[in-house]
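Common to both upcoming complexes is subunit A, partnered first by subunit B, then by subunit C.
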Partner chain A sequence: MSHDISNAPNAIHIQDLTLSYDEHRVLDGLTLHVPAGSITALLGGNGAGKSTTLSTLLGFVRAQSGTVLVAGIDPGVAPDAARRRIAYLPENVALYEHLTAIENADYLLALSGDRKDRGVITDALAAAGLQERAWDQRLGGFSKGMRQKVAIAVALLREVPVLLLDEPTSGLDPRATADFNALVRAVRDRGTAVLMVTHDLLSAADVADRIGFLEGGRIVEEVAASGTERFDVRALHARFAVASKRLAA
Partner chain B sequence: MSLVRYELRLLLRQRLTIVALALLGVLTIAALVSGMAEVARQRAAIAAVPAAQAEDIDAVADYVDRTKDAGSAAYYSFHPTWDAPAPLAFAAIGMRDVAPYIQRVRALGLEAQIYDGDTFNPELALPGRFDFAFVLVFLSPLFVIALFHDLVSGEREAGRLRTLEALPHGGRALWRRRTSLRLALLWAVLSIPFVVAAAIEGVSLPVIAIVVLVTAAYLLFWVALAVLIGRLRWSSVANAATLAAAWLVLVLIVPTLGHVAINAAVPVAQGAEIALAQREAVNHAWDVPRENTMRRFYANHPEWSDSAPLGPEFHYKWYLAFHQNGDESVAKRVAAYRAGLEARDAAGRALGWVLPSVGVQGLLTRLADTDLRGRLAYQDRVRDFHARLRAFYYRYLFRDLPFGKADFDRAPVFEDVPGR
Partner chain C sequence: MSVTRLIARDELRLMVRNRVAVIAFALLVLLTLVAVLSSWSHQRGNAELRARHQHEAEHAFDAQPDRHPHRVVHYGHFIFRPLGPLAAFDPGVDAFTGSSMFLEGHRQNTANFGDVRQSSLLVRFGQLTPAFVLQVVAPLLLIFLGYGALARETERGTIRMLMLQGATRGQVVRGKLMALGAVALLTGLPAMIGFVALAGQPGALALPMATIAIGYAAYLALWVVLIVLVSAAVRRSRDALLALVALWTVAVVLLPRVAPDVASAAVPLQNRLQTDVAIARDLRTMGDSHNPDDPHFAAFKRSVLDRYGVTRVEDLPVNYKGLLGLEGERLTTTLFDRYATASYDAQRRQNALVEGIGLLSPTIALRSLSMAAAGTDFAGHRRFLEQAEAYRYALVQRLNRMQAEDVSYADDTAVDAGADRRKRVSATAWQQMPDFIYTAPSGATLAAGAAPGLAIVIGWLALAAVLLALATRRLGARR
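Let's turn to the complex of A and B:
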């Protein structure tokens, strides 16, 4: 099902962003807008600039030129303020194995300055699809999917306007991927702007409202789902391949 | 659960942390117990001195009482001096385990008696006895390394660092909290047993406070170094190796080289050479005409010059006079030796301003009065006492007064530092 985002304000606003490490230009005039209540997937190969884009949004690195705004805040200028509006899931969700799911959520929320009652946390864990018997278990024996559910629950609890996902479905089995995508859609439906960077075209096509193809530090092709139609993966693949060749030429 | 409790829980779930803290606790307590036992042994030995002295004097007094000869009394009777340990000595034994803390002296030549047992090692930075100072200066940095080498790198290696850094405030408050918690645990493991031991030993509150603050400051130095190296974003193993190398350099190599350099720059003769020179002067005096000896003695001590001239027979006042002449013949050497030791000590303390390990060791032994200054202060007290002892016997010898059993009770008695 597609999602109408035509009138939503941009929670992520990136305009003509340029960033270089030494002589190597990683972002080269990147422009990207993610409206509130939408999911944008950023696809690209290694070195395309996906992780750097996330680092810029989190205020880890500052661009040499261009504009970056997260919920109206420049993370380069006010990283803490920007991070208060961002929930971030890295590729490998590594939490504290000695703590239970509830304790992990409570601890991360406390670190964020966003403490919640146990009941609120368990509601979020349930909403994230974590079975009740796992709530008080230590994370040592959790699968990646279960860990992601804990992390997503934390993101839900923080009630932030922006969710950044770094390769969220890598290493997940199809069932876990489908569960995760459903969860991301639920987050979006709460009005959160979701930006996911991924290699996984299938997953992106399944969950995203828009897909941008990042290469050489800028978006060379961008496709939005239209109406109730989902993306045609073969067509997407072909378009991205053409765009890539065009850029190379 | 509060954040601090979470941090404590996470920290104490790590086996290395538990082992490190437990080991440091055991070493600290063992060092304190060992120091207290050594000090108790020294106090017991000092406490036994009066009874042993009374026994010795009794043995001499019977003989002396028959002859009424003050010379025999001066020659045969030893008089004890002692250097009772300061309350903090248990924590920093310093030179107390290598320099005598009980010395029996006679009214004869002093220098040979003082330097006869002069075997102490002035190299402050070399490892000494296993005491609290040793645990703090030499071992505690290793435990700082154990707890801090992976403070940030451990999170990076576990894949959590980016998650933590993406939180508001970039995790700065988190690192401050974790650093403070680890530092507080190490400090508590060192300080709590120390405070208990210090209270038992009757150490004054200001001194306890200084030691506890010095402990915190020294740990803080190593924590700062660990944090600094952690900022290089190396692996935990590389951090640990670098910090271990820093420990080796800052605690062992540089202090040792520093003191070798100080010893080379400030040459000091051995104390035993002074004793030997004094003895040679005394032995040579048997071959010197007695008039020459007495002339020299009276020139330096005119207060006795009105004493009756020597007869042809042996007289102890001549014997004691050439002993004192022997002391005076090495006076310049003694002054030079002492000046050399003080110069080395001053250079060692200067080194302490740039090398925390040397500085902390020096400060603890100063507070405990177990350093070179404490040792020299004891020597000064022995010298003062010996001067009184000489004056006491000289009055009988040079005035030809009879010396009876009861006169031993009038002999000066050594007084230690008040309050010990």
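Let's turn to the complex of A and C:
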């Protein structure tokens, strides 16, 4: 089902963003807008600038030129304020091994000022697919997938206007991926702007309202789902391949 | 609950869930308890022993029979330095210098010129005192509990997780400081309770006690800041641990060990034998009060005869032998004082050098502060020696005056059968001699002596805080 975002304000606003490390230009005039209540997937190969884009939105790196706004706040100027409006799910989830799944969620939510009751947290953990017997276990013995589910629960519980996802399905099996995509759609439907960075074209095609192909530090192709039709993965792949060759030429 | 408190609470929760940390903390508390009890027992035993010996010595002096005053000069008198209440917390150089002196005429039988005085600021690893626990062991425990405070978060990536929840770098660092500060407080608390219990006896002075409490609090706070600073500056916990253990080794063990050796090499101090030989040589050139033909004393004799307008010592209204004793004692004491002053000066320069090295090691600075405030440092020992010498000189000269005024020259030089009895002075004279009473320094004097050490520790704390503020800016930064 498609989601109408034509009149929604942009929760993420990136305009002509340029960023270089030493002599290497990582972002080269990147322009990207993610309206509230929408899901944008950013695809691209290694070194295309996907992670740097997220780091810029999170205020960990500052661009040399261009405009970045997260819910109206420039993360380069006020990183702490911007982060309070972002829920972020990193590719390599870093959580506290001396805490249980519930304690991790409680601690991180308390830090963000979004403290929830135990029942709300367990509902989110269940929704994220974490089995009940793992809720009160310390994370020391958790697999990567289990940790990711805890982090997903925390990200979903954050009541913020922006959700950033970095390769969110990389540790999940197909069933869990489908469940996760359903969760992301639910978050979108409550008005959150979702930006998902991924290699996974299938997952992006399944969940995103719009897909951007990032290469050489800028969007070289952007496709939006229209009407009730979802993306044609084969066609997408072909378009991105053409765009990539065009850029290389 | 504020973000800072939340972070602090989680850090403490991690420590509590780490059994090694809990065991280490329990061991430190136990060690502190043992140190407090053993110090209390040792100090109490020492104080009682010294008081008993002092009483016995005074009794023995007073119990002398009728006798010639010069025999009393050579009979001598033992005195003991009473320990202040704070000595139980930090005995300082007391164990090295000793605290008893034998006073007699013509000599300064003290540790004034002894080798042991060169050890006035040596590390005292052999003594388990609350001061030792706080100076040496507590920082090590804090290192093992806190080295990973920030490095662990950086290494595992959780530092970003904290910041992504909206926690600022400053809140993260303050949270870690608060947690480790709470541990430092708990670490120092048993020793401080022991300190108050040990030192809070009659005669304890508030100002030096407050100085010691502030000094140790600043020292532990310094270690807390240093630990968090190193943990913030490196990216791996292992590196933080290595760096901090190296820092502890240099600042707490190495420099306090090396500093006195450097001072001894830079400012050599004569040993007892060298000093005794030098004094004997000078005495020969000065003259001998027991030798009436000595040139100096021949001149002295002429001046006395001229002053009284007589031509023979037999015609003097006072006993010339007593006057000889007074003059001889004045001369030898001047000589001894000259050597003592030179020795004090050398030791003062040694200690100044060690305290200079204290700029590099806050442990040396704290040790100086602690001993100075407790009155157990070199200055405290010198204070006792100077008071003892003043008492000895007054006592001997009083006996010499007694010989001059209460024993006639004729009797003093007579050799007939009854002469010995006629030379004697009544035993009541010895009982009327004033006892030695050590005048303890005022609280302000002790606190003033501790001020340089306190300034260095606080200076270190301020520097570490500035460096931590700079390191905080780069926390979590990554390309």
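Operating definition for what follows: the second predicted complex is superposed on the first by the 237 of 249 C-alpha atoms of A that agree within 3 Å, B and C clash if a C-alpha of one lies under 4 Å from a C-alpha of the other, contacts with A are read in each partner's own complex, and residues count from 1 in each chain.
Everything that follows uses one rule, which is that a residue touches a chain if its C-beta (ideal position, glycine included) is under 8 Å from a C-beta of that chain, and two chains touch if they have at least 3 such contacts.
Predicted, not measured: the structure shown is a model, and the values here were computed from it.
With the two structures aligned on subunit A, subunit B clashes with subunit C. Of the two partner chains placed by superposition, A:18 touches none, neither subunit B nor subunit C. Shared-chain residue A:96: touches subunit B and subunit C both. In the superposition on chain A, A:84 makes contact with both subunit B and subunit C. In the superposition on chain A, contact of A:61 is made with subunit C only, not with subunit B.
In the superposition on the C-alpha atoms of chain A, the part of subunit A touched by subunit B in one complex and by subunit C in the other spans residues 58, 60, 80, 83-84, 86, 88, 90, 92, 94-96, 98-99, 107-108, 110-113.
The touching residues of subunit B, when paired with subunit A in their complex, are 1-3, 6, 9-10, 13, 158-160, 162-171, 174. By the touch rule above, subunit A contacts subunit B in their complex via residues 58-60, 79-80, 83-84, 86, 88, 90, 92-96, 98-99, 103, 106-108, 110-113, 151, 164. The touching residues of subunit A, counted against subunit C in their complex, run 21, 58, 60-61, 80, 83-84, 86, 88, 90, 92, 94-96, 98-99, 107-113. Residues of subunit C touching subunit A in their complex: 1, 3, 6-7, 10, 13-14, 17-18, 156-158, 160-168, 476-479.
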